[in-house]
Each structure stands twice: as C-alpha cells, then as structure tokens.
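First comes the structure, then the notes that go with it.
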Amino acid sequence: MAKESFYSAVLLDHFRHSRNKGELDGADIVRRGHNPRCGDEIEVGLYLQGEKLAQVKFRGRGCSVCMASASMMTEAVTGCSKQEAYHLWEEMRDLFGDGNENDVKHPTNNLQALSVVREYPARQRCVLISWEALRDALRGL
Amino acid sequence: MSESAFLLLENKIADFPLLQSAQHSCLHYLDNAATTQKPASVISAMADCYQSCYAPIHRGLYPLAAAATALYENSRVKLAGFIGAEKSEQIVFTRSTTEAINMVAWGWARNRLQAGDYIWVTRMEHHSNFLPWQRICKLCNAKLRIIELHEDGTLNLDAATELFSKRTRLIALCHVSNVLGGVNPVGALCEQAAALNIPVLVDAAQSVAHIPIDVGVLDCDFLVFSAHKMYGPTGIGALYAKSARLEEMEPLLLGGGMVDEVSDETRSWSAIPARFEAGSPNLADAVGFAAAVDYLGGIGMRRIEAHVDSLTRRAGAALARIDGLRLIAPMTPTSASIISFDMPGIHPHDIAQVLGECGVAVRAGHHCCQPLMHSLGLSATTRASFGVYNRQDDIDALLAAIDRVRRLFA
Amino acid sequence: MSESAFLLLENKIADFPLLQSAQHSCLHYLDNAATTQKPASVISAMADCYQSCYAPIHRGLYPLAAAATALYENSRVKLAGFIGAEKSEQIVFTRSTTEAINMVAWGWARNRLQAGDYIWVTRMEHHSNFLPWQRICKLCNAKLRIIELHEDGTLNLDAATELFSKRTRLIALCHVSNVLGGVNPVGALCEQAAALNIPVLVDAAQSVAHIPIDVGVLDCDFLVFSAHKMYGPTGIGALYAKSARLEEMEPLLLGGGMVDEVSDETRSWSAIPARFEAGSPNLADAVGFAAAVDYLGGIGMRRIEAHVDSLTRRAGAALARIDGLRLIAPMTPTSASIISFDMPGIHPHDIAQVLGECGVAVRAGHHCCQPLMHSLGLSATTRASFGVYNRQDDIDALLAAIDRVRRLFA
Amino acid sequence: MAKESFYSAVLLDHFRHSRNKGELDGADIVRRGHNPRCGDEIEVGLYLQGEKLAQVKFRGRGCSVCMASASMMTEAVTGCSKQEAYHLWEEMRDLFGDGNENDVKHPTNNLQALSVVREYPARQRCVLISWEALRDALRGL
C-alpha cells in the first residue's frame, strides 16, 4: 500500500461535488484543454468584471484528478486579477509540467490536495488540462 | 475447476528476485502484457557475460573475443530453436518488436508497393504494427486496409472481401491482441495467403511468452517479438523471416559490420543476418534473451500456456460477475493471458491508480491501440494480464481492489 | 617521464570483475576502441534495476511503474549533465551510435537535401558515419564530399575548398578516429560552420570515454555516442541534438509511445524526446549507461584523459622504436587512446592472433574504415587502444608479444 | 596463453615454404578466391591429365592461414580425380563453413594442422579462400 493515499478527502470531494461546473453560456471567453493520450477534455469559461475574474466555470470529462483539479482551479482564481491568475498558472506549470524541478514552491491552501500527484508523473497532465485552458483563455482576452 | 487442477505450475515467485523481495512482497503484478519481470537466471546470465566473457563480436582474433562471438551466435541458435526456425541465420537480433516491424516496412514492403496496392492490418493492432504501415502506404500511394472486428472482438474476415486480392502485398497482424487477448487464427490465414503468394507478418509480441510457436508449422513469412515481454531483458527483440524474404530486404540501418566492401560511391552488403545488424552487436542482452528462452523451455511452453490460460479464464469469469464492470471482449475459447475491462462512470486511470495503491499493478490507457479504442467508442480501458508467476491470490487481490474502487467512486 | 608522474590513475583493475578474475589474470586488454570492459557498479546497477525497480515506463499508474519511470528519466538527466546539454530532453536514447547517425541521416538530412547539395564527411570516418550519408546523398541526388587527410593523418581542410560553401547542408565527422587516434579540431570547425549556419554532427564514439565534452562549448548540432565504448552496457547509445534540430527531425521508427493521436489516416507526434523513442524503452541499459557516466564522473574526465593520453604516448614512442614496425599516424600532440600500426610482410591477422596467444587483446582489420584503408593503400592494420584500467605492464606485454611476432614470422 | 598454439610447425612451414606456389601459365583453368573483409586474394590453377589433376598451383597474398591452407590444398588434391578433389572441398566446407557443426569428420593427415582454426571463427574464411577457388575451377572445367 502507498503511504499516503492518492485520493484524499479533498480531492474526492472536488471530484464528486465539483464547484463551478456547468454550462458556459455568456462567458467572455471559453478555451479548451485536452489530453489526447486519455481522451480527457475540459472547457473553461471566464466571466470578467473590470480587471477581475468575477466567475470561472468549467465543463467536460476526465478522470478524478482532472475534474478535481478543474474544480479547485475555478475556486482558486475566482476573484483574482488576470495577472494573479496567470501567476497561479505559472506556479502550477512549474509544479506539474514536464521536467519539473524539486525546488519549486508547493501549492498553497486549497491546491495542496494535488501535491501528491507530483509523485505520479503519468498523472501530472491530468492536473494541468484545466489550467492550460485557463492560460489560453487569459491570453485570449 | 478445483484448485489442484488449476494450479498447473508450482509457485514460480522464487525464481523472480523482484517478486520475492520483502519490498515487493505485497505486489500483485498483473501488467505482464506491458513487460514481464525477470528470473534470476536471466539477470545472472547477463552479469556473467560482463564478468567473464565480454569482448567485441565477430572481429576479435584473441580467445576472449572468439568466446564472446560464440556466446552471441549461440543465443541466435537458441532463439531459432525456440520458434522452430530452420536456420539460425533466419533470426535477426533487433532492438524490439517495434524496430523489427519498421525494418520490414521500410526495407521490404516499400520496394514492393505500387500505387493502389494494399497492405492489410487489423483493427486491433498495436501502434507499432500500424504506424509503420500507415507511413509506408502513404509514401507509396498504396492503401492501408483494415480487417474489422466482430462484436466479440474476433476478426471479421468475411467483411474483408479484398483481403486475398491480387493487390494485397502483405498482411500484418498480431497473434494475440494486447487489449482483447484473443488468439487470432494466424495459421489458417497464413495457409490461405500462401496459396496466393501473399506474405504474412505475425506480431508475436503478446503470444511468444504464453503460446508455443513453431514457424515451420505456422508458415508465416515474418515473425517479430521482444525479449522484455517474455521474461528477458529490455533493449532486444527478434525478427524471424523466411530466407527468401531476408534476401529481398534492404537494411534499414547502415554502419559497421554489415558491409563487405565500401568505396566512396558504393558498398556491398554482408551475408545474412549480419547485413541487418549494423553497429556493435548487443551481446549481453542477446545472452539474456537466450537465458529467457531457456527459462521458458525449462518449464515447457504447453504447461505455461495451460497455466496462464487457466488464470485468465478464472479472472475473466470472476470479473464478469461484478456489477458495473464490463469485459471488453467476451471470454472466447481462445483467450490468452489478457483481460480488458471498463467500469462505466469510473475513469480507467482512477481504477488503475486505486488498484496500484492496493498493490495490484495493472495498466490503464489506450494501450497504444487508438484505432481499436476509437472503434470501441472508448478512450481507455483497464487491463490485467498474467504470467508464469501469477496465482489465484493475485486474482483475489484484483477482485478486492476493484471492490475498493467501487466503494470509492460509487 | 617518471613512472610516478605517469601513473595518474591508481590501479582500476579492482573495479572490473572480468579483469580481476583469475581466469583472465593474464589478459592485457587493449581493444578498448572496439568495446570496453564494465565496472562492477555498472553491472550491479542493471541487476538492481531488474531485481528491485523494474516495470513499464511512462504508462504505469502504480508506484513501481512510477519509480521505474523516474529511474529511466534520471538516466537521461545524468547523460545530459555528462555532456553539458542544457535540457535532458535533448538526449534521445538510441540503440547505438550507428542508429543515432541513421536517425539523423534519414530523419533530418533527407528532408533538407536537394539535388546538387553537399554532405561533407572525412576520409577517416567509420562505416557508421559514412554509409548512411552515402545512401541519403544517392537518394537525394546530393553529393557526398570527403575531407582528405594530410600525410600525418590530420584533416586537410585547405584542400576542402567547398567545405563552407552554400551547398553544404551538413558536416559529419568523428571527434577521434578509431584508426588514427588523433583528435579532430571539431570546436574550430563548429565555430566556422555556425557562422554560415551549417549544422555539424560530431561522432563522439571514440572520444566520449577519454575526453571531457561540453556541448555548450563545442556548440555542435548533433553529438552521438555508444555506452559500450565508455564502460557501459551493450545495446544503448545516445543522440544529443540542439532542440531546433530535434524539432526539424522526422522519427525513423514509428510505434508505441511516440504518438499522441492516431486515426486510420493520420497521426500526431508526441513531444520530444518521446517522439524518437518508439517502442518500450530500454530501461535496464539506460540505468547501466547512467552508472557508467557516474563511474567516469567519479574518477574525473580530466584525470582519465591524462592517464589514457600518457599511456598512448608511451606505447607509441616504444612502438616507433621497433624495427620493421610502422605507426600508421605519427604521434601528434593531440593523440588519444588509439595507435594503429603495420609490420610490412606480416599480416595484421597474424599479428593479432599471436598477440592474442600472448594474452594481449588487440584488433586487426579494416576497423570498419575501408575508405581510409584504401587511401592508405592497406587492407588492414593492427590497433592497440587504451582505457582507464590499462597500465605500463600492458605496454610491456604488448612489446614482448610483438617481439614474438617478429621471431615467428621474420 | 592458449593451450595449443595456433601456429603449429606444419602451418608455419607451409606459410614460409609454400608448395606449388608461383605463376599459373598454361593452366587448364584458373579461378580466384578472395575475402573482401581483409583484402586476401588467392588464384588457383589446375593442370589436367585425363580425369586427374596432374598439378595444382596457386599464387596471391594473404595471412599465414590463407597461404598455408592454399599450400596444403595443392598438396592434398594433386593426383586426385575431379570427384575426389570436389569431395575434399565439401569436407573442408563442412569443417570451416558458417554454422559448421560439431559432428563433422576432422581433416585427415596433412590437413590436420588447420583443425585449430575451427576454434577461431574469425579465421575460418582464411582457410576457405583457396578451397573456394578450387571449387570454382572444378565446376568450370
């Protein structure tokens, strides 16, 4: 048995009861992220108010990590400025991107449940799909 | 079936250092279709080679080099014997199944393909037996034709109406699918094809460790397989071919050891099989490969086949009884070593991950079979696959872990 | 030179099980340019991998598979560090130097060569760095141009007037010749070539074990080498390339693990370096390769260079004094690890055979360098080559054995 | 040191004082054997008297094994009928050809000095070059 279960209560909760999940009608911008290797696919929609992300929603299908990560992402960036959100994306990329190094900051507060995924390189893409959609949406604004 | 009738092989775990180590005492390794564990005899054969009989091959004039060359060529003889090849020269050591197929696609098929010709594969092929043909067909303006499947995962040969047409240059198919696990009727296909002079390539990557193969009986033109899926080392595989096919084949790799004479403008190939083994031979892995063949031979392929088949059937029957679990291919009388399944609503990655936490090693994904996945309407499946060291307790652990998956994600 | 100034490395024989075994206690292994012996650390790293951390790479979702994947990717990181590559993705694991060169010739050069273009090699290239270019040039109606040599075996760059012409698409040359042993001025060549945007491939098969290499400084576009010539396992090698070159390169082998999406008609490549590693990765040999790098790093490349260079010079000076023996290339200030010689009237096969009987392992033949042999007017030479474990007594044994040759065939 | 020296007195004698070596003027047929891998090259000439090989000569260059084998070959087949000579070639091929088996007869009398070469596959071609030229000459008659 692994020492620490991959499936923490927080992760499972975000998977079972995903936040901000639903149709993306009326979003200012929608972008898609996907992993062709496993067919997972997430669309992320941003709703702006001035410079701030008033609401961030997603829809799509994927494994528990993919769905939980999307759910956590929407919570983490709602209320952020575009710069703050982009900065969070950069932190996630450094943590879960290819060739990530060990000397990176671990995610703060509500993203911590994803840390365990770093030990499973094969699942890291699952974390990033929604974040990549967020990045593309931010760039597209 | 009673336990005693079922337990055809005594416990083999003691032969496998990784499986008997304390560190992995709770491991239920059911990812054998991806790669198998190695017996101590294979590991030590390679170490022994490096420790007492290591030198360059084919060129040295001192005793150690002569001994190393003999060791290398003996490995070839062993491999030839294992699959019933008439002459050891018909065995080319390759890097892998994948390389062997690329060698045939580029070096043999390409020069024979005209615009409009067909190469036939099946819907269940591994990317390694699909992409090389796709590329070669594109290059030659030939057509890649696909034998589709029946609902039960068997080949729908009736629908492949042009399979035995005059335009077919080659049929390339797996002996056993790495997703569905069924045994394809390669013998019958080879016979029909031979009558029309259509060469057949058999991808034996998934069968060679579990089913006795005799190329003399099978009568295929090409047979390819990898050592690492048959308890041998990584980094080596084999291409068997009929001598006439090898004579027709152009080498994919050029370099040292495969030419007789070289001038600024020209070169002449060496004899077969050296012609297809450019560069310094992979001595140690060839020795490990031969040791794996010895290991299999020591148990006996018929006994291995019965053992693995029996395990697969038991597991299949038990899995079929689980609510919310669907076998991808119904168990057929010709199933072998592999079971794929699906739990609608639960992602295969999550299934495999939870199973992994329970010490049950299985694989989830498209298994390098996207054409098949698309036709099944799935993006991934979960696969359990069996080997000589597996036992009833591995099946029990698999079932218990699936129960945990259901509780976690229900 | 005094013995103490000369003996830069303490005795390394204890690190090498084959050399310290009673069976080979009289062996003077001077065939290092063909392949080197393996230290215990390399042999046990591979055995350990099979015994405690073996599983499929890149696809498994269970802890053992994650650990095996980390082991594989760590080996890549080690290799990258060893040659100073900026990113580990710039290291592609290949089967060998030979395969790496074929990958570049077929996958990169072919798509860039137009009729009338040039690829330049040198007169001293190994067949592995000659034949792939010869074939690709023929295929594309390009011209294979050859940098000829001065009498002393160095490159006659002045005579290669069109080397830096607009038609040159690539310069491919060895860092150290496996016959002549001199070090080519690859740094200066790369610099000149870079100014004209001409890519350079450096065949480091004979240098990487003896000379510190930093691709950051060297600034070549491609660098290729094999593990088995640097105290590592057989069956694995590496291709380093600049990221831009890798992006331009088409994969030679297609199969599992190197595609993202596959449909019946198309496919999309995976990211680099997976794109160039079709089929199941060669985990154990990658681990052994990394262990070899650790072994070299543990001694220090500068110390190894000094040791091997010193031995080569000593042997060269002694051989030069023998009546009826001719060094093929005079010792230059840049000699490294290799000496070829000729004893007019005595066939190299006989020289090597007698030396072999005296326990001195050397190689006789054309060394896969027929273009060079033709230009030297020889069909074969005898070659002695040195490694970390060689010492003065190996030179003494060589000299004594040559004396026996002279007495036998005088 | 090897147990049995490769270079027996007999072999060295045939190398140093090769029999029937010289120009091939007036031969009924001349054929060439060669090994491109090491540049060795032997020409064999047959002089017939009825069905018998009245004289067999050779010239060329090669290593000691190659030259000694040619010399021994000329001695062994002089006086033989064509069939007898061809039969001797077949025995040599079985002994020194690729993939030779262990259950073959060892050479008789004056060819015995070559037996040791069987332990060195890399040198077997050296033995056969002159025999292959003989075979081609016999076939060409």
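As written, the chain order gives the labels A, B, C and D, with residue 1 at the start of each chain.
Convention: contacts are C-beta pairs under 8 Å (C-beta built on N, C-alpha and C of every residue); 3 or more make two chains touch, one makes a residue touch a chain.
The structure displayed is predicted, hence computed values, not measured ones.
Colleague: Quick check: more C-beta contact pairs in A-C or C-D?
Modeller: Looking at A-C and C-D side by side, C-D shows more C-beta contacts.
Colleague: Rounded to a whole Å, what is the gap between the Cα centroids of chain A and chain C?
Modeller: 46
Colleague: Counting only Cα atoms for the centres, state how far chain A is from chain D in Å.
Modeller: Here chain A and chain D have centroids separated by 78 Å.
Colleague: Between chain C and chain D, what's the gap in Å when you average each chain's C-alpha atoms?
Modeller: So the centroids are 38 Å from each other.
Colleague: Distance from the CA centroid of chain B to that of chain C, rounded to the nearest Å?
Modeller: 31
Colleague: Considering chain B alone, which of its residues make contact with at least two other chains?
Modeller: Only 59-61, 63, 65, 261, 349, 353, 356-357, 365 qualify.
Colleague: Enumerate the residues of chain A that touch no fewer than two other chains.
Modeller: 2, 37, 120, 123
Colleague: Report the complete set of touching chain pairs.
Modeller: Per the contact definition above, the touching pairs are A-B, A-C, B-C, B-D, C-D.
Colleague: State the interface residues of chain C toward chain A in the complex, per the touch definition above.
Modeller: It is residues 58-61, 63, 65-66, 69-70, 73, 87-89, 260-261, 268, 271 of chain C that touch chain A.
Colleague: Which stretch or stretches of chain A touch chain B in the complex?
Modeller: Residues 1-2, 5-7, 12, 37-40, 62-66, 120, 123, 126.
Colleague: Over in the complex, which chain B residues touch chain C? Could you list them?
Modeller: Spelled out, the residues of chain B in touch with chain C are 17-18, 21, 23-24, 27, 29, 31, 34-35, 37-38, 42-44, 46-47, 50-56, 59-65, 95-99, 101-102, 126-128, 130-132, 134-135, 144, 146, 226, 228, 233-236, 252-257, 259, 261-265, 267, 278-285, 349, 352-353, 355-357, 360-365, 368, 370-371, 374.
Colleague: Which residues, counting only chain A, touch chain C once they are in their complex?
Modeller: Per the touch definition, chain A meets chain C at residues 2, 36-37, 98-99, 119-123.
Colleague: Please name which positions on chain C make contact with chain D in the complex.
Modeller: Residues 26, 347-350, 353-354, 356-359, 365-366, 379-380, 408-409 of chain C touch chain D in their complex.
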